[in-house]
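Quick heads-up: structures coming right below.
In what comes next, subunit A is part of two complexes: it sits with subunit B in the first one and with subunit C in the second one.
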Partner chain A sequence: MTIPTKSQKDDSQLRQKTMIARHFDRLAAAPETGEKNVYTFVPGNLTELLLSFDLLPVLPEINSLQSAMRGKTAEYISIAEKLGHSEDVCTYVKSDIGMMKSGNIGPTGQRLPNPDLLLLSYTGCFTFLKWFELLREEYHAPVAMLHVPYQPDGRITPAMRDYVVKQLKDDIIPALERISGRAYDEDKLREHLKLSAQAEDDLVWVLQSAKHKPSPIDAYFGAVYYVGPIFSAFRGTEGAVAYYQALRAEIAERIREGKGPVTPDGDIEKERFRVVVEGPPNWTSFRQFWKMFADEGAVAVASTYTKVGGVYDAGFRHDPSRPLESLAEYCLGCYTNLGLPTRIEMLAQYVRDYEADGFLINSVKSCNSFSAGQLHILREVEKRSGKPGGFIESDLVDPRYFSAANIKNRLESYFQMLEQKRLGGAA
Partner chain B sequence: MSTEGTPLSALVERADAIYRDYSLATVRDWKARTGGLAVGFMPIYVPCEILHAQGVLPVGLMGARDDLEIIKGDAYYQSYICHIPRSTIELGLSGRLDCLDGVLFPAICDVIRNLSGMWQMLFPDKLVRYLDVPQNFEPEIGGRFYRHELDELARSLTERGARPYDAEALRASIGLYNALRREVRELYALRQREPWKVPTSELYLLLRASVVIPVQDATQMFREYRALIAEDASRVPLDQARVMLTGSFCEQPPIGLIRTLERAGCYIVDDDFVQVHRWIQSDIPTDGDPMQQLVMAFLQDAMASPTRYIDKGEKGADLILRIRRSQAEGVLFCAPSFCDPALLDQPMAVRAVERHGVPWTAFKYSENTGQFQVIREQAGTFADSIKLWSAV
Partner chain C sequence: MNYTIGVDLGSTTTKAVVLGEDGTVMGRGITNSRSNYEVACQVAMGEALINTRFSLIRGRLDAAGVPAAQARQSVLTLERWFRAQQYRSQLFVLTRELQRFASKLLTGGPGLKPAVARITEQMEVEIPELFSEGTRRKSDFFRDLAGSRYMQLAEGEARATGVGFDQVVGLFDKAILDVENSAEAAGQFEEHVRAALVHAGDADGELGRAVTDIAALKLSQIGSVGTGYGRQRLPFPEGQIKSEILCHGLGAHAMFPDTRTVLDIGGQDTKAIQVDDQGIVTSFQMNDRCAAGCGRYLGYIADEMNLGLHELGPLACESKTPVRINSTCTVFAGAELRERLSLGEKREDILAGLHRAIILRAMSLIARSGGVSDQFTFTGGVAKNPAAVRALRALLRENYGDVHINISDDSIYTGALGAALFALREATRGHAVTTH
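This part shows the complex of A and B:
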């Protein structure tokens, strides 16, 4: 992923761009080179394990969001709905089905190979289960299922960890051995995990840089680019380590220069509002949506969406000394796998730690995992943080549910309210 | 011929009254009589035997109908989320569920999952347990995990004031629930053979009542019902289409919808309603380690469901088997609006029935749907077309 409008691209962006291009080149060439690929999900992804078998990860969620950014999803969703997929269900799934039916052209315009394996890491979202059942029917590919239990009480019990580790040993690793034709190499896995932890340290530094005033980053819109490598095919690679080092250096520079975040339309000159954001962004009108914030001088200083692929700022790191246990804990700890009370506490903590003026929930129609309970979250976080919450509704990749005028109105009223509160507080 | 004023109608009315009673009078009476705890559970399945063995009354919470005014529940849920969580919240916040000492939330979808967290916060003095269920069905993997979940459930009930876990008591409870499951199976089998004798609108009321009253009473109710319909000569076959209804395993349709389907010319010969007493498909052995027997039954003898990951065999094979067994001539895909498990599964289920040449139609409902005109027309046309085809 790259921020396209900046004329002078930062080193980190160029690195990311190159990494992505190479990855999709390899995927496109896979039918000729014989490289094997594994479709899997962002939450609970086992990238290091796949890499240790030299398998190429494919993330259908990311393909869907990229399709939305390229303006393709209206058509894809319509294809899926015509095939009988309900208008009520997650649009990521329908976009993916529509993309497949349209030739499986991925984000770089190249054709994606059919999956050699569907690694169903069932973490934090029920839809995943059905999504890969649907793909299994379409591709006739084998499925390896990893059931990751939910954390209703905000803690990982030994029973949960053992259950996941046992599945890794008995089901997942043998399935990867079969597909790759290689034996499990724990030392190689450890090497990848070591690299993951290094990149994770730098990512956390970047995300926490938003505690500065002004924040040098936008931790929602901007940060979706920052989490790109670590949430997708690159965690555990040298490339990701180098990317996060470069990114960290750039952000450190921005802090030194007292700069605010970059947006598609340039730097935010004055940080007027600091907000925490819950929920995924809308991808079909991503830049328009971002601009609605940027025009008001609103900067996201923390977000939960950037934790769906791992809650690293709470301290978790992949640990090469306990490879499978650490992968299990990683899966168990992803944001949407956390109980509502934990999510609420996390948001309230963000509001406090990042000295936010308020928080906003973007509730997406597609996603019960995120959205069911968000009105309760709204009230509870308000209560605990003492800061006002705002609530907007859209969808991830279905343009029919992005009502720009409506959302803009709501945001403007919300920011006005923050302003009045501030003035009232100052009086 | 009318059955009004007969013992049969009295029995159905009793079930109807229990189904309609949002304030759970029978549960309150039971508690007053026995001093025991009562713990609610959300769809689809929890091992009620464990609760029963520890002296706890399991109480199925199946949402509401269109006569429950949602005052607070809508403030908790967006319009694009199914109805059952908001009616459950409404019932809870309005005090109607106060007689419950806790609620169990089995892992069937993200809505129920997130509701468990809300319940924890809204009712901090009650027992709230998310009951995770394995999607891995190997005894040494998923079985071990599930065993731990069940042991924890038993422990948490004791912590709450229930009797401690006792293997002998659990064996006895399994025996009682086996008897109840047998009765339900018998009734389903009878309906398949002679659907005119067991209108689904009656069976449904009995099922709804059966999740609220004690297990022996439920068994007795089904037994009595079977005896009474056997005596009832007024129930004669009509020219109706035999259909299987699928998709309604969590949020339940209003009784009016079922009546509408029957009036539109359908004999419902199999369905997904209130599956808790059918989830385990045969008797659970009452010897050995009873907790482990519950685990094994869950792993090896549970119904196929869109909420479970099934990796063996052809997708939809269970559905086809049920269609064949019940000799259904068509399928009604009847799912709640916004229900992820049902609606994500549906395209695959549709393909399966199409592969086997079974006609189908689909519609959605909400538990508070009050208007059935469109569904009546759709089901009527569907039933007519089935009858037409079977006549040629």
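This part shows the complex of A and C:
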């Protein structure tokens, strides 16, 4: 490992920081400026549509994970538990409730405005429904519900797409018109979608750069930063396009220099293991968790978590020529909306395409949408890819459920197993 | 003689296995793990090397043509007296430490030091009897052996002289740590074996010659690997530390080459491991956020019932109608037990239910790791418990049909054996030699 140099604080990172800061400034000033906002979720977010009405998106999941990285969630979760939320409830929800009850101070330390609308785009996570019921109780804000049919067999039928488009036309757009006081402007939407597709092309290029050996990126820990703009409030903006262009150029440079991924503790100098990762990361001990991989020279070359806000590497792009249809297809194709057979195939394909030595599942008990069926996934992907799977358990944002010694022990055993297999027993 | 050594530093015990260059197990050593891992490691390694020398003495007698039965008996007798000498040496350190702590105690009173002295003198007197032929000793660990006798004698002293029982016991609790944390207390092979030879007889015959030769033999370490929960604390370089999963897999394969599924229940973790025909691990599962259903659980139960850990299994095996117990939470174990006792359940029935509950939890890990493939090997300290084995056999049959189940008497050494084998593989590629 080398000490991070100034050049590693890349241009892309600085851009992202500025984008986030500006966005939260606007949110904080909203009560004065009169700008309206919409709370919504990452999977199935309709950012371009919101932007076409000049509405500001607020993503409660992102706020929760940011709170965790700032060391706030222990306190927030405890507040939610005092209010009666059980230990088994999704910790994103409890963190959000705790944050709300503590003055709704967001990740930048500024107060977030109350929601003008709760846009519930339901893409496979049942908890989302309950979460917004709680927020509705608290804020008395209206809810617009988009019901996205589950993809049980990995196929989007015309009926499924039409059903979503109909809801967009009949329910969602009228709700957005009411909140914003503006009429639906399809041309404006097309402009945003065009920008989305450009950024998506570059994002996919960045994620697929991990096919290089050594991989210039970590496609799990590192990539959570890369997906930041496109998964949150910036898809369909000029800012996001510029961000991904800058990022792509930086990664291209790393490839030219034969460099491995950047980590908070410096570059990974020798890629010893290439792994695919399934499941969300732990956010309370994010850096420690990443270091457990980096210390072993383990690089994530692909991950499913970086697809929760859209599975672009499978070919989908937002399409300005079919605005509502492509938004519907986007929602239907989110990772959380996919059935187990599709997820298994996707993981097995990642293991093959990225020439991984194995794959790891970080299972989060309180996250039903991800975790149900993960042991089945483990067995099946092992069978199909012929590569060994590993299984660790932690949590999203509850620091009580990150048992560092045990996780480290498990990871070390796993990586040694990979090495032993590689050496065919001569290790 | 060149050897490699594997050390498995577990949460309850530390085990060491010594291998000859041909991969034969030459010696095994075990000791209580303690706060000072380095000492635990040294003691276990020292014990394994002592055990190795006894194996070598036996080999020398065989080579000299001494009939097998006689050779076996001679070595057993020698080892028994060796243990007596070792005990004497540890008792010496204990006595010294007890007196030192008694002197420092401000509230001791004039009767305390003489009372403690009388206890240790009596323990000294009892050594020959304790180690005489046919005597069954409750434990091989000095702490357990000396501790239980010390408590009995302390009770007598308290009754007879009025000295505070708690004070006398408190001194032991302090002093024993210094005995355990000093590798010297266990002493050196050569010093004890000579004294043992006097008791064992045949000092001038084949045994005497074998002892002289082997005591003088240089044992050269050509490789070492550490594993287990405390492996980061083992005094080995990083490259010589291996995960216990790999070591248990390889160790089980070495003991039973047809093994495909391994279950290891240790003090604080349970591991389900799948291995291929080379002993290479292909998949594994471990308990993670919770240590319910591990060996430590049985330790709590034993404490609650005021029984020795080794007494639990046999008592549970007497059960005719096991109680159904679902909770394997170690912290709740005491409450669960008292509740059941208050309901009038029999101790053996409760214990049988608890053993089944532990194995049920292990079955879930086995299923997660990929199920059971023939043959199945059960390892770890809990594999020595007959009630756990009985419950495992029943549940395996229920869930996976007839599976060949391997359990070795030396199952507790599986991880250390695997570690020693890794060390041997490494050593055959050429490594520095350390001589002892």
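Please note the rule applied: the second predicted complex is superposed on the first by the 416 of 427 C-alpha atoms of A that agree within 3 Å, B and C clash if a C-alpha of one lies under 4 Å from a C-alpha of the other, contacts with A are read in each partner's own complex, and residues count from 1 in each chain.
Here is the rule we go by: contacts are C-beta pairs under 8 Å (C-beta built on N, C-alpha and C of every residue); 3 or more make two chains touch, one makes a residue touch a chain.
All of these numbers come straight from a predicted model, not from anything done at the bench.
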{"item": "Subunit B versus subunit C as contact partner of A:Leu83, first or second or both or neither", "value": "first"}
{"item": "First, second, both or neither for A:Ser403, with subunit B first and subunit C second", "value": "second"}
{"item": "Greater subunit A contact set [subunit C / subunit B]", "value": "B"}
{"item": "Touching partner for A:His147 - first (subunit B), second (subunit C), both, neither", "value": "first"}
{"item": "Contacts of A:Leu375 with subunit B and subunit C, given as first, second, both or neither", "value": "both"}
{"item": "Which superposed partner A:Glu412 touches (first subunit B, second subunit C, both, neither)", "value": "second"}
{"item": "Partner chain(s) touched by A:Tyr92 [first = subunit B, second = subunit C, both, neither]", "value": "neither"}
{"item": "Partner chain in contact with A:Glu393 - subunit B first, subunit C second, else both or neither", "value": "both"}
{"item": "Partner chain in contact with A:Phe316 - subunit B first, subunit C second, else both or neither", "value": "neither"}
{"item": "Common interface residues of subunit A - those touching subunit B in one complex and subunit C in the other", "value": "375, 393"}
{"item": "Subunit A to subunit B touching residues, read off their complex", "value": "83-86, 88-90, 93, 120, 122, 125-127, 129-131, 133-134, 136-137, 143, 145, 147, 149-150, 152, 159-160, 162-163, 166-167, 170-171, 339-341, 343-344, 363, 365, 368-369, 371-376, 380, 393"}
{"item": "List of subunit B residues in touch with subunit A within their complex", "value": "75-78, 80-81, 85, 107, 109-111, 113-118, 120-121, 129-130, 132, 134-136, 138, 140-142, 144-145, 148-149, 306-307, 309, 311, 315, 337-341, 343-348, 350-351, 364"}
{"item": "Subunit A partner contacts - residues on subunit C that touch it in the complex", "value": "229, 242-246, 278-286, 288-289, 368, 370, 422, 425"}
{"item": "Interface residues, subunit A side, partner subunit C - complex", "value": "375, 379, 382, 388-389, 391-393, 401, 403, 406-407, 409-410, 412-413, 416-417, 420-421, 424-427"}
